[in-house]
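Okay, so chain A shows up in both of these, paired with chain B first and chain C after.
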Partner chain A sequence: MVPPMNRIHLILGMFCLALIFGKPAAALAGEPLDQLKGSTDKVLSILSDPAMKGPGKVKERRELILKTVDERFDWEEMARRSLARHWAQRTPEEKKEFISLFRELLERVYADRVEGYSWNKIHYDEERIDGNFAAIKVKIFTAKDQVIQVEYRVSKKGNHWMVYDISVEGVSLVNNYRTQFNEIIVKSSYQELIKRLRAKSVQN
Partner chain B sequence: MVGFFLIAGVFCLGYLSIKLGKMEVFGAKGYEVYAVFSNSGGLKVGSSIVIAGVEVGRVRDIVLEDYQARVALTLSKDVKIQEDAIASIKTKGLVGEKYLEITPGGSEKIIPPGGKVRETLPPVDIEELISKLLFEKI
Partner chain C sequence: MKILLRLLLLSTLCLTVFPSPSPADHGAIHPFGASAHYMVLDPPVLAAQSSKPFWGEEEETELEEWADTIRDPLEPINRIFSHVNDKLYFWALKPVASGYKAVVPEDLRVGVKNFFSNLATPVRLVNCLLQANFKAAGNETLRFFLNSTLGLAGFLDPAKKELGIEKKDEDFGQTLGFWGMGPAFYIEWPLLGASSLRDTFGYAGDILLDPKTYLVQSVPLNLSIRIYDQVNEISFRIGEYEDFKKSVLDPYIAKREAYHQNRKHKIKN
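Let's look at the complex of A and B:
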């Protein structure tokens, strides 16, 4: 039997130990989510800014939004993951060109959707951190009261958690482009893929 | 003589059930990795794992872990999975059985035996998507 006084010491000691060693990840929890939320809030504030409204401001507004998105999106990682096993065969120049074409492609596809924003509310559901990687689940409530489930995948680069994939309703952006790019490269060639991406960028 | 046929018959039956049930008697050849899905909806133990439509392994086990589905995959040993490979649960046809598809990545790092496939995608709920499309028109 342990004397009562010692027992209190024992409990206190265990409590301190638990404080020191218990779940170091818990102390970091929230960082990826906070950073993502910060960027999203910034985009939303640009969109709702009365000074940024009107047809004359479209270009300026888009540039401002893109700047914010650039701070949070890891374009190189996204491009690398989308090109998958074809990435290693490219020269540094080709990689650079591909990243910029890929960024333009996403910009074109998503800018209109973001600008035609009719989101009522964004609910940050949950965040799962696994070392230098994290997944953040977000629910977007549209003006029509529909719920769109979005999941962000982020990885830590220095002090920043950068987005490298987005899934909307369980469909991943990287997986989608990975399949498409692979099909084009396998059927014809990498040059053909670049040709198509360039043609798309000229269209705009 | 009758005994011989009986034994041969039982042996054949055993062989058939193992083959048809796709069970492994002497331990699965290959190695095991695991993947955590937010929803494993419909995936079963024994479901096939494919890359580019070619079967490369089978689901060995599915358990609940931290309210997520932890799926153990047995892959044949000559198949290497990159660290940024994506595992997604797909449906054969519109209402067919579920299987697991792996889209290979481009990373130089290979997932070792016992490692984790980090990038996973739950099955797409077609019903839900259709209902969302329908409701938008109202």
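Let's look at the complex of A and C:
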């Protein structure tokens, strides 16, 4: 999956880390990064696929992208962390409904972004693993020569490292939604939050 | 007194819903991304970054932890100004910037952007020095001399294009933060957009360091130049604010928290 050049880069990076921490490089397998990169490459290849271009293909292309994203994003974990202390008070049905609404919102946001922006390249900067948690720092170079610093947080579920938060330039998606959700619940109610999430999915 | 008046006028008429360090310049994937400016990352710098504790102060575990939020005692007033800024964007800024974008070719707009950015070098340079970041200060100096000469008064950016020397986005608000000053509380200024008490002081400091303040003494002309700079900037970002609004439930809270977290990130970097 990983082109040789990136592999070398990764190995060099791990070597630096190993020197600093005095740990053998083998302790840093690079599995989270490999898996994330696999999914990202897949999305990018769908976007650049000539067979997927044209107005007639918009729906099909979006479905393909979302399928790839679903395999890598842990929507339930994102929903749970975003609702934070209000999560425990929800019934299983409410949780299920909330996950589905939140997922719908995030999927749309993600798809709009990747379809609307042109990426020149992605540079995988740094990977840190701590038990079943890992963070991967990435730099996205846009066509307009802007650099966007992104950090993925992943946790291990079975054999898969699943994304549960994304930070762009220090702004965490989960934290941002958490603050919004909390204020809405505290100032009005959980029902109001659901109402607004539903309205979002109709509006977009 | 005169300078105070000028500061006030300049700041209120710097026509933008979001000042440049705001989180409104979105990135890919995420509703709250921002553009970044980087120094050349040489191996020692990378290594130094690696040695920092990875998760910073807040260790991410199964336990729910709350990111610190910014205090907002002025929320009712801030919300009103947020509404005003929203309307200002859709009724004034966006139509003007769209028209400008349709008429002026992209290369020229990029040149204008580079020119204003090069002119503002003293702001970044002094703040690099104030944060004892001598490498970035050196880069800023080098960039200024290269781009002012070979780059035709700053319209081109050969320092980045040919030598890969990136600019370092520093301002006085970040310097205050670097030395330990907190944001105090959130302020949404009419016309200027998201800020904090600390960053408002910072903004005043930046105006004092900005050559435009001294080169163009006529207040109406100075304001016109600043407005033009902002319209030019927004011509690259039409659609971003719209996307942002689509992706959030409460744009006011989302913007406030994104501003706070993005500023913390910038102060750390």
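Please note the rule applied: the second predicted complex is superposed on the first by the 177 of 204 C-alpha atoms of A that agree within 3 Å, B and C clash if a C-alpha of one lies under 4 Å from a C-alpha of the other, contacts with A are read in each partner's own complex, and residues count from 1 in each chain.
The rule we apply is simple: contacts are C-beta pairs under 8 Å (C-beta built on N, C-alpha and C of every residue); 3 or more make two chains touch, one makes a residue touch a chain.
Everything quoted here is computed from the prediction, not taken from an experiment.
**Student:** So, on chain A, is it clash or fit between chain B and chain C?
**Tutor:** After superposition on chain A, chain B vs chain C: clash.
**Student:** Looking at the overlay, what does A:35 touch: chain B (first), chain C (second), both, or neither?
**Tutor:** In the superposition, A:35 contacts neither chain B nor chain C.
**Student:** Could you tell me if A:146 is touching chain B, chain C, both of them or neither one (first, second, both, neither)?
**Tutor:** Touch status of A:146: both partners.
**Student:** Looking only at chain A, is it chain B or chain C that touches more of its residues?
**Tutor:** Of chain B and chain C, more residues of chain A lie in contact with C.
**Student:** Thinking of the overlay built on chain A, is A:175 touched by chain B (first), by chain C (second), by both, or by neither?
**Tutor:** both
**Student:** Which partner does A:85 contact after superposing on A: first (chain B), second (chain C), both, neither?
**Tutor:** In the superposed model, A:85 contacts both chain B and chain C.
**Student:** Tell me which partner A:68 touches in the superposition: chain B (first), chain C (second), both or neither.
**Tutor:** After superposing on A, A:68 lies clear of both chain B and chain C.
**Student:** When the complexes are fitted on the C-alpha atoms of A, one of 2-10, 56-64, 146-154 or 218-226 in chain C overlaps chain B. Which is it?
**Tutor:** Answer for the clashing stretch of chain C: 56-64.
**Student:** On chain A, which stretch or stretches are contacted by chain B in one complex as well as by chain C in the other?
**Tutor:** Shared contact residues on chain A: 81, 84-85, 130, 133, 144, 146, 153, 167, 169-172, 175, 178-179.
**Student:** Which residues of chain C touch chain A once you look at their complex with the stated criterion?
**Tutor:** 23, 26-38, 43, 46-47, 49-51, 54-55, 60-61, 64, 66-67, 69, 166, 236, 239, 243, 246-250, 253-254, 257-258, 261-262, 264-266, 268
**Student:** Residues of chain A touching chain C in their complex?
**Tutor:** Residue list for chain A touching chain C: 13, 16-17, 19-20, 81, 84-85, 105, 108-110, 112-114, 116-117, 119, 126, 128, 130, 133, 135, 139-140, 142, 144, 146-150, 153, 166-173, 175-181, 183-184, 193, 196-197, 200, 203-204.
**Student:** Where on chain B is chain A touching in the complex?
**Tutor:** 38, 82, 84, 86, 88, 103-106, 108, 118-119, 121-125, 128-129, 132, 135-136
**Student:** What part of chain A is in contact with chain B in the complex they form?
**Tutor:** 80-81, 83-88, 130, 133, 137, 144, 146, 153, 165, 167, 169-172, 174-175, 178-179, 182
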